[in-house]
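We just call them A, B and C in the order they show up, numbering each chain from 1.
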């Protein structure tokens, strides 16, 4: 398979961070691609046109993990996301046709309605169309033992971009290595959920007005939370960041992230005083304690769960310009009486997921 | 939460029954709404712009229960529904773009394919787009304990109108009290199913040509049938109505409806003679005996089920101008040899669901 | 029901094989059809307009089984499918509006994501819209005991064409006999899957350039494979065909197909030497051994499964112009190192499913 994969990977698919003159992504139409296609007339010639190529290990033009973006790429995505607010606002009077004629396949091997709906809304707001598979795990083919790679090669024949949600870490990378068309990782198990990380950073920029110099309190389940780990990673690309970790002992931030922050010169400290941290932060990022990680130790879960609650007392000390974020869903780790405070940014954060996904779809399918 | 909810509820959302000059519903774009939004520049000013307001308890611009509509509102909906027949007829040559750029989210916490498909077809026939969630109960967020209110506040960020099917009575009201965008109740458990009630009344008007003076036989499961209860309620708004209740003893119409009819001066009587009733009615509305309500008393179910069947004998005595209706699905309470009689109106009734839903979507999103 | 069914069936719905001047299919809009419709003004007159007609047993304008197509019909479908490649290629710059305003309902009583997605992509690539039901078996109505016929009569009110996947053989025929609008069989249990058969034959024509004179090796599970049976049937319509059957003894091709080939003068033989067969064929059609047919005899399954594998050794003897096909999903009956060979046609074959389905939708809804 190596030869064909290399031939497929050799299609020019510039990285988002390249200068924008080079960034226009060529047509992803299968029919127009120099890929082995129907060969009724000259099968041998077609074979000759797709000789073995050096293996390309890094696929470009996909969104697979938060780490793939440098500051320039992030800035460009955020700039386009900002433009998307106006595009959405114009939907009723002058709907966008930027992605007219494009088809997105949402291939979800586990349900994630929030993520799926925001991707599908994003595609629709840009004039594109959607193919939905909410239960791809029961995809008759997968149930019969088909590999992810084979499924991808079939589905890419029906669509222009694949949004993949999978239960296995690394699945998105495998899909991207297989597909000719762009793949967006919408979460692969305990692995990555890069569009969530992007919308989190975008929300800080949008709410606070800057990313350099931000003081960020990460609260709750820091051991298991994919979102806080990715956020810590991404925010480390900016200058003069200070991070506070506030979590029950059983779910403390792990050393790999702390080591990474150290290597990037990011200041961080652990604290058990949420009020003290809140009084000094620009952003309090609260997370849900993930019950499913505690197994039978419900007692530990209950103890961890109630320890750090964002409530009116936190609001009382939180600076006026600061905001409270949460990746949602929330249980009671933010009390509902906080919702009406203008500093409660979590529903605006969810909405930013729409703008970020619109931006990514536009950038991957037609460029800036 | 009260302050924000009030600020959100304070958006002008005129009742359908207002004079049509006042009825145009303003843009529901979140971005254009005076709701706490991104506040990068001036968070405090934004907060000041959304001061606490007196609590608004009745939400307007939603479709929550059959009782909310007066005769004027019903007439307007029916008038628009009639226009929708021509819109649908023109779909192939000149498809409607009335709702182009609008997105409807069908948030179904229990499956109801018939209802969902008719809403989605309605949206499409008007040029709108759809986000579908057929298994919202397994919405990962809901499964993790997210409240309906939080889900609504997320989904409203991705769409322009929410069609909610829920298993709990009162869920639609809660959703409407939360959402800025319009909510349509597509059935909330044992509670309401107002679009079914509207299409039933519309079908009588469309088939018979009038609503005042109608003689209506309600047959079958009158105790548990949400549709016959709502229909009795709505038809009571018209003049010179006569209702016959024909049902097995175990599923008789309950006193609350009888009391309501009395208070409205609607004449009604109970009868055990379906043929006698059929010979005098304009409409025979048959319903399915709901097995699931009988628990282990299958014997009672079987006895009730076979008691009043609409068959050729009923057709023999039914006036030429009269019609037979049924909310569907039917089992054998109407025999299939009735289907070919032009007085069998139940599939046309199902079709009218499309026109009623088109009318509601148009009225709620862009006005008449 | 006979009278109404006959009246409905009497709508002109020419067979695809008729000369193309007669082939334009009239509007399928329910509203425009001479079917008993709303009769507010004159119910009796409407009834008189739909008198009993002679029973029409063969429904036209539906795609129910592979056998319904003669060579002329196949040629026309293939010609339109070829045009669809250009239509798809133009999607981004100049998307097709051929089916703008048309609604397809995918009514799937069992999941088949591959088939569903290809139909939905086909509809979208032609500018049409889709209503999706992935779990029609749990269609609340079906679960409550509604007949397929009643479901069809409801769904046809919301759409312009129905694509039905069902678990019962004969279901597609029943649906087509009920519906006014066209029905496409997307697989009915052990019965038919005509669009798969069409795309298989189209792939041979597209890859090899001809159908007459083809040498075809059918490999694997020939007893249970619906696809190889249909393919043998269809290919028998062409001249000078030679078929080799290569299968483990427990899953040999059945006599009905052999008898049919004999009656059509098609040469066939059985062989146990895959390499010998491969060296002489234009097409090797490999299939998956269907484990589910072996019940508890896992030993027989394992023996059958490993017996005939398409691998590099097969490629070594396969003529340069020949191709390998597979209906997918595949397990290990074709090794993945075959994928990169240009003669591996199975993913192109899957893609042809898109073109064939686009062609059928266009032919059934608006004609050539």
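Quick note on the criterion: a residue touches a chain if its C-beta (ideal position, glycine included) is under 8 Å from a C-beta of that chain, and two chains touch if they have at least 3 such contacts.
The chain list, named the UniProt way, goes like this: A, B, C = aspartate carbamoyltransferase.
The structure displayed is predicted, hence computed values, not measured ones.
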* Can we say the copies subunit B and subunit C touch using the same residue numbers, with more than half in common, or are the two sides different? -> different
* Structure fact -> subunit A turns onto subunit B (C-alpha superposition, degrees, nearest 5) by 120
* Structure fact -> Distance in whole angstrom between the CA centres of subunit B and subunit C is 38
* What parts of subunit A, by residue number, touch at least two of the other chains? -> 132, 134
* In the complex formed with subunit C, which residues of subunit A make contact? -> 1-5, 7, 27, 29-32, 36-41, 43-44, 46-47, 50, 100-103, 105, 129, 131-136, 138-142, 144-146, 150-151, 153-155, 157-160
* Could you please specify the touching residues of subunit C with respect to subunit A in the complex? => 85, 88-89, 91-95, 110-114, 117-118, 120-121, 124-125, 132, 134, 206-209, 288, 320-321, 323, 328-331, 336-337, 339-343, 347-348, 350-351, 354
